[in-house]
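Listed next: structures, encoded as structure tokens.
Note that subunit A is present in both complexes that follow, paired respectively with subunit B and with subunit C.
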Partner chain A sequence: MFVARSIAADHKDLIHDVSFDFHGRRMATCSSDQSVKVWDKSESGDWHCTASWKTHSGSVWRVTWAHPEFGQVLASCSFDRTAAVWEEIVGESNDKLRGQSHWVKRTTLVDSRTSVTDVKFAPKHMGLMLATCSADGIVRVYEAPDVMNLSQWSLQHEISCKLSCSCISWNPSSSRAHPPMIAVGSDDSSPNAMAKAQIFEYNENTRKYAKAETLMTVTDPVHDIAFAPNLGRSFHILAIATKDVRIFTLKPVRKELTSSGGPTKFEIHIVAQFDNHNSQVWRVSWNITGTVLASSGDDGCVRLWKANYMDNWKCTGILKGNGSPVSGSSQQGSSNPPLGSNVPNLQNSLNGSSAGRKHS
Partner chain B sequence: MEEMHQVAIAAKDPASGRQFSSQVSILSAMELIWNLCEILFIEVAPAGPLLLHLLDWVRLHVCEVDSLSADVLGSENPSKHESFWNLVTVLVLQGRLDEARQMLSREADASPTSAGMCRILGDLMRTMPVLSPGNTQTLTELELKWQHWHEECERHLQDGTFASSPHLESLCKIMLGDEAALLEQKKLLSNWYHFLVTRLLYSHPTVKPMDLYFYAQSSLDLFLGGESSPEPLDNILMAAFEFDIHQVIKECSIALSNWWFVAHLTDLLDHCKLLQSHNLYFGSNMREFLLLEYASGLFAHHSLWQLGVDYFDYCPELGRVSLELHIERIPLSTEQKALKVLRVCEQRQMTEQVRSICKILAMKAVRNNRLGSALSWSIRAKDAAFATLVSDRFLRDYCERGCFSDLDLIDNLGPAMMLSDRLTFLGKYREFHRLYGEKRFVDAASLLLSLMTSQIAPRSFWMTLLTDALPLLEQKQVIFSAEQTYELMRCLEDLTSGKPVCGEPDPQRLQDDDVETTKVEMLRLALARNLARSIIKEGSLEGS
Partner chain C sequence: MSGTKPDILWAPHQVDRFVVCDSELSLYHVESTVNSELKAGSLRLSEDSAATLLSINSETPYMKCVAWYLNYDPECLLAVGQANGRVVLTSLGQDHNSKFKDLIGKEFVPKHARQCNTLAWNPLDSNWLAAGLDKHRADFSVLIWDICSKYTPDIVPLEKVRLSAGETETTLLVTKPLYELGQNDACLSLCWLPRDQKLLLAGMHRNLAIFDLRNTSQKMFVNTKAVQGVTVDPYFHDRVASFYEGQVAIWDLRKFEKPVLTLTEQPKPLTKVAWCPTRTGLLATLTRDSNIIRLYDMQHTPTPIGDETEPTIIERSVQPCDNYIASFAWHPTSQNRMIVVTPNRTMSDFTVFERISLAWSPITSLMWACGRHLYECAEEENDNSLEKDIATKMRLRALSRYGLDTEQVWRNHILAGNEDPQLKSLWYTLHFMKQYTEDMDQKSPGNKGSLVYAGIKSIVKSSLGVVESSRHNWSGLDKQTDTQNLNEERILALQLCGWIKKGMDVDVGPFLNSLVQEGEWERAAAVALFNLDIRRAIQILNEGASSGKGDLNLNVVAMALSGYTDEKNSLWREMCSTLRLQLNNPYLCVMFAFLTSEAGSYDGVLYENKVAVRDRVAFACKFLSDSQGSPLDVLKDERVQYWIENYRNLLDAWRFWHKRAEFDIHRSKLDPSSKPLAQVFVSCNFCGKSISYSCSTVPHQGRGFSQYGVSGSPTKSKVTSCPGCRKPLPRCALCLINMGTPVSSCPGGSKSDEKVDLSKDKKLAQFNNWFTWCHNCRHGGHAGHMLSWFRDHAECPVSACTCKCMQLDTTGNLVPAETVQP
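Take a look at the complex of A and B:
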């Protein structure tokens, strides 16, 4: 059972990304109109735009929130080859009365020579860190050593992926058994480029990120990639949005069997593959516990996927982009807890460049 | 449930009335299913008692009888009431033969012509063999007796005893379990499971549990008569009659829109160890799976999340980690809510969550310049680094404004003061001010000195401390001893020696040169004077 609420976004061009904050009460949208808007949810459940400002000199592809332990911080990335970090300033009282807040740019990351296609903050246990990826195939990891000073970021790593990158995802697991991991997806259309999803792992000894795995079976352009939150599993789950929805498990192979000091080897299995969208899938997003995956596609629908207690993945809900239910949706009764609980991670934006749809 | 009924009836507009009514019907359906599961799976009633339980079940859930009964009996002339025969029929259908007999005797009183027939039928009713609880007769005995009784009824029917009263004849046929007669009463039966139970009562009272399904299926088919197809509720009940627990749970999951019912039913069945015995080796996994689903759903609610916590507690494998993930995401709209959430975490030793939540709140407070709040959250988070940061802000505020904010908090730090050096300094510094205010100058002086000599005070603050010492130096009485004065002088020299302390550039010194120089000179003068006086004082005999 879903309830849909439509919000007039007032962006003057395509909306490329939607991101909820940690608690699901704030939302950021970014657009080809070069601006970012921040929305706050009131007690009554209505969304109000509390900030709208020009962030870049080109289309803004993605926007993402930092963990609230670092305050109210956003990062955006753009076609203008930069990524930026923004912080909310507690405003004057008359600002507050008007329900407006003010965001200032803390830093611009200008190292990329090409469009920056994704920006994501690292899990909070790694400190204040973020990664960007660009069309030139380089993933850059930046860190702010002083969390109270958001203007100082240093480039810590440059990871070459050899393919034009479209999306990245940090593994959120904070378990000591798992070193930091980044998954990178590519939408490279050159004929030589084969496997379009790669996993990089941080090596304590070399203090560098090294490639751990390439998902050889993913040969179509990848539009989105997302590690699932880890409930204490020894293995990882990765969702990929490509010409269909795919879910992989990555089981670390025991260290004794691999050459010591090298990156972890993984047993990769595909546990689900769904082409129900019957078109390109643009976004995948996990809920808090990593038990439900949401996907959006060019068919204008959002689909929810869930594994039952036997670990069989099935569709548990279909939602049309305009909020109307889809008739004949299977198992509508076993659909999820109200959308609210998924909301913090549900990115139901439809990528504009291909579908040409506005988020209404 | 009754409240819901009343609300539904009292609803002002049809839409909400409909909504309440539908909720009532969902709840009734749930109760219906639950009770049936109790009878079949938990009581595991054997043949004999099984029918009695099912009769109870039907009586409980098909409750039009009572209102009908009230209507009829409350009227002036019950036996002439238009629904009189309906009432009697329903009573018979539900196996409430004593009550039916009473009705018949009224009819007998009212119309003497049928008195005889009523009496005979009443006798038949009275003599129907039933298995009463505590009865020691075996099933075989019961069956035998019942067979005799059945034949007697049959004889009466054949003899045409009730021929002149269609009502009575129909009742007799019902009591003989005649399907056609029963199906004529579809409206009164209102559903196929009532039909099933009545049918069993009057044709197979010693039905065995394993045969239930067969009768249920045929009852459903006969009742629907090919006119309509089974609804989800029917499928669920059918699965229960089939003793297919898994199917019951599956159908319920599909039909109901939230996990509440299924989670609790599965939990109950698991506690009765039924999931294993029914060959569901994933039984307890399924129980936990459903409970986790239900609890997760509760967390989306602004206050029901507290219930969710309890449910997670009862999930041995993934409950704790699920709770950890969910509880961090609860929006902390008020301080009260934050405290509730923290209490939940602290009770379960979820230290990382406590730290994280406090940190989020501390950060929010710092950005809103509510330093006292920020400090108390840092202390609760045991976050030494952040406590240092907030203490620094306090001290900076003091330097700028000459007074402290949030005195209450700082005064009552207690052992929390030890969290960070800077915090300890803040607390002690405030204590110095208090001592000074209470005119306990000697104590204040010693404290001030110790703050510098013990290295607790940050270097950048020394000038302020020395400046604070000035009034003490210029008191009429000598407060600082010679020893202490030497120490103070040493500190001052350290500070003014010109080399910047590593890591602490002091741009202020360059800017406020004039002010600084004046201050330093005043201090030197005061210290020198104090030294002189203290030497004299200490060199003199006591009492001067």
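Take a look at the complex of A and C:
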């Protein structure tokens, strides 16, 4: 059972992204109000905003934390065609005494000619590296060769995806059996049948990223893509938010069976596909063990998905976007009772909830 | 209204009222049903709201369009545009305010009769009403009426029977409009521009025109087909939407030459577009024969000024009901709330949620953002642990030191909550293996750790002799198997699996008895059977059935078992091999799998996942030939290293650093290569040699701390100078005494607990005596002094140094999660 509670965010416009740091003690949010806010969790479990500053000159789409071994570092990306790297510093000011921390911009990545739609730090074993993707269809991989100097980032790779990119995800596996890998989603909505999800893999020999797979069955705009935390699995799990929630497994075909030197070949299976959101699915997020997937969609609900031991995925929870429980029995694919909540309906006592409900 | 397709309007001010209009006008009142039952006669609009019909007005036939008066008073005054071009003022209010009574029923008549397409009240001068009409030769198509205008002299009294009032009354006609615009044209849609009270935007035939009432001879226009449904963004007064067929055009009035944007064309013609009044840049559109409201969230639209930017428009859709939607209306004040009506007049009230972005925290709480709000959602603590996700389980187990009891290994399953039989079996197996290793160690020390991680396969494979792979010769019911052909390694493996006790005894009897005592009848029976003792198996099952705790069906199973025949094509065999799959208990299932299997092929037993691994391994040891190997391959390989890394990473993410450290300590005992080298050396300022020279023979256990020179142990000489050059070590920034001297109590310190600390056993190097320094300003001193200083200060104790030593490392300020309530 899950219980939801509301936190006063005080953003002046829509919040586009929420991101936790490695320990889950800090959180960053970004918004159309062009700002990023950093939140710290008190010992009592409450969240306090400890920094809020204007980061870009346009909507900030995404914000993400670097691993703490690189310091307290954030990256953000925006409609203003840039991505930026921020570092918390202990300055001369007495911010800390007022409970506020100070963040400085370490670099602005200006290579994109269009809106930068996603930014993600690479898994820490790869060093301090980040990838951005933009509406012009290019994924860029940057590296800070000197982790002590966050103002120096070199553009290492430019991967052309041919389609406007909306989201990226690094494969988190640190196994030596798995070369670095990036999954890219496209929200290109023009009516063509091109696949909207591609996977690129780093090739040690050519020192370049090459396309390893294209998920041919994903032809509708993709809004979010996420590799599950690996935790020692030999294969990869990828969740895609498109017009439905999809979960793929990618099993690497053993190298000796493929031609050496080329990208890894995968056996790709779709293990789950849910249209319970009725319409567009906006976000997917894995829990720390990659065993529960959360998704949000145009039905205004957050849904949780979990596999049983037979690898059958099921909905294990639904909550409305305002934290209130979903009542009624028309939910499909849910064997569990609707989630409980002790939160009063926050938006309006007359809130409709039939939004996007399918009675089939 | 053609009379077939209803339209719907929210009252502009009374936020709980709306009107549905088709052939008549029906006024409804919305009520919340959150805390009350649905009243009789009300219609359900959503899970928590319902509507009650307040009144019906059917006085105005041939309605083509309706517009609600924008002022507060009178509350329910509506203008109705009719098929003949007349505009009638009508009311749905029950209390007829006398002040406005003469407005009700007033008609505004154009010179030539033709359809009235659209009506628009002026938002500033509430008495102005613009009406858009079809074309009639050279006549004007946009008429602006002043509803309070004195009746023109040529008014014609008209006798009319008022059905509702039941009284006869004269209706007054107004024929002189305030303004006449759009000569020789047709008007399809209208809206007043908020920029100025006297600017009117009209969708004319094949052009959009802006009329300026201050100078009616002037108009600004642009030729376009998109002339339907003109509407101004309430948050961005220069942004206008209009549509034609399935395409929406977005205009910027500052550059009124071409659309700044056209939205993706819909296959069916649009019927309505409307900007959300409570949120910027959200346009709702509806097409014919559709149950979907398509929303366009215009995060960024191109502007005529400045550089070209690509638009960011997020296309969304909501499906409020299953039926086709006839019309919809945004609520004027409730955030993103909308009501829809279907052709058969069912209504639905709902709220469009903003796109939700979400993230899982490592400690299994889910945070999401919806609009400007944040919601945190955590798993309830008091949940039945079986329903908890493995992430939560792992975290709770780690917190209870799961896996860290290396003395009584079997206890780990209790640390895990003692509810998972698989885990229990696993830890017992490990326990047996460890015990065996210890026994071996006593016999031949020096062989340490060779077995613990060797795995069954290598134990069995270490046997050079080849075991005869013949099916054990047994035909009778209780003929003991010939254990001679189990070699020593296999016996060892069986011991490890717990089937047989240590020593030379190879009898499974004691094990069976213990299983029976614990009520694991099925398992005991299976083990007995695998030891080829059918009689014992049947006996155990009978015992189980009669014990009361076990399943009575066990008798039936026993009966079936007793019918065993070795005949290949017997009915028994046939039935058992099919019916066994319906057995719920995995052990019963594998018993029949075993009995019906062909010689040497025991997949039915070996791949039954629900049977404990160690029983399967034991089975394999008993029956499989060496070439078939065993199903387990627990070897120390790269994958295992990778699993360890991932687990350590998890513990770190949860801030279970103490558990991780404990894990590392246990791990380094088995795998010395995993022990990290000393990370820090302190070199003397004068000679450059490491000051830990004196204790370099002792390998350092600590990580990241420097305890050099300050042993505090009376048996060692105190080191206050460099062992290389004998120059004194640096002084503590606080007590100004050279490091390495015994620390005195904090000057002026009122912390009595420190004194207590100091009086503790001095044989241990106390943390208070340790060297510490700030890596940034490189000032430092005794750890105890430094800590007490920074309890009250932010800056370094060295004069003129403004370094905020203690705040430099954010991770360092995090408290391990084990020490606080999670």
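As a convention for this text, the second predicted complex is superposed on the first by the 321 of 360 C-alpha atoms of A that agree within 3 Å, B and C clash if a C-alpha of one lies under 4 Å from a C-alpha of the other, contacts with A are read in each partner's own complex, and residues count from 1 in each chain.
As a convention for this text, a residue touches a chain if its C-beta (ideal position, glycine included) is under 8 Å from a C-beta of that chain, and two chains touch if they have at least 3 such contacts.
If you're wondering where the values come from, they're calculated on a predicted model, not measured in any experiment.
Asker: Looking at the overlay, does A:289 come into contact with subunit B only (first), subunit C only (second), both, or neither?
Answerer: After superposing on A, A:289 lies in contact with both subunit B and subunit C.
Asker: Based on the superposed arrangement, let me know which partner A:70 touches: subunit B (first), subunit C (second), both, or neither?
Answerer: first
Asker: Applying the touch criterion given at the start, work out whether A:90 contacts subunit B, subunit C, both or neither, answering first, second, both or neither.
Answerer: In the superposition, A:90 contacts both subunit B and subunit C.
Asker: Using the touch definition from the top, say if A:5 reaches subunit B (first), subunit C (second), both or neither.
Answerer: Second partner only, subunit C.
Asker: Touch test for A:235: subunit B only (first), subunit C only (second), both, or neither?
Answerer: Touch partners of A:235: none, neither subunit B nor subunit C.
Asker: Please tell me which partner, subunit B or subunit C, touches more residues of subunit A.
Answerer: C
Asker: If you stack the two complexes on chain A, which partner ends up touching A:148: first (subunit B), second (subunit C), both, or neither?
Answerer: first
Asker: Would you check which partner chain A:323 touches, where first means subunit B only, second means subunit C only, and both and neither mean what they say?
Answerer: second
Asker: With both complexes superposed on chain A, which partner does A:20 reach: first (subunit B), second (subunit C), both or neither?
Answerer: After superposition on chain A, A:20 lies in contact with subunit C alone.
Asker: Touch test for A:308: subunit B only (first), subunit C only (second), both, or neither?
Answerer: First partner only, subunit B.
Asker: Is there a shared patch on subunit A that both subunit B and subunit C touch, and which residues make it up?
Answerer: 1, 22-25, 43, 68, 71-72, 88, 90, 231-232, 288-289, 291, 340
Asker: Please give the residue numbers of subunit A that touch subunit C in the complex, ascending.
Answerer: Per the touch definition, subunit A meets subunit C at residues 1-20, 22-25, 27, 29, 31-32, 43, 47, 58-59, 68, 71-72, 79, 88, 90, 92, 96-97, 114-115, 135, 174-177, 189, 230-232, 234, 278-280, 282-283, 285-289, 291-292, 294-302, 304, 306, 319-323, 327-328, 340, 343, 345-359.
Asker: Can you name the residues of subunit C that touch subunit A in the complex?
Answerer: Those in contact with subunit A are residues 30, 32, 34, 45-49, 264, 280, 292, 299-300, 309-310, 312, 315-322, 334-335, 337-338, 348-380, 383, 387, 389-391, 394, 638-639, 642-643, 645-647, 650, 652-655, 794, 802, 804, 807-808, 810-811, 814-815, 820.
Asker: With touch defined as at the start, can you tell me which subunit A residues reach subunit B in the complex?
Answerer: Listed in rising order, the residues of subunit A that touch subunit B are 1, 22-25, 43, 68-72, 88, 90, 124, 148, 229, 231-232, 288-289, 291, 308-310, 331-341, 344.
Asker: Touching residues of subunit B toward subunit A in the complex: what are they?
Answerer: Its residues touching subunit A are 253-259, 282, 285-286, 289, 292-293, 296-301, 318, 321-322, 325-326, 328-333, 356, 359-360, 363-364, 367-369, 389.
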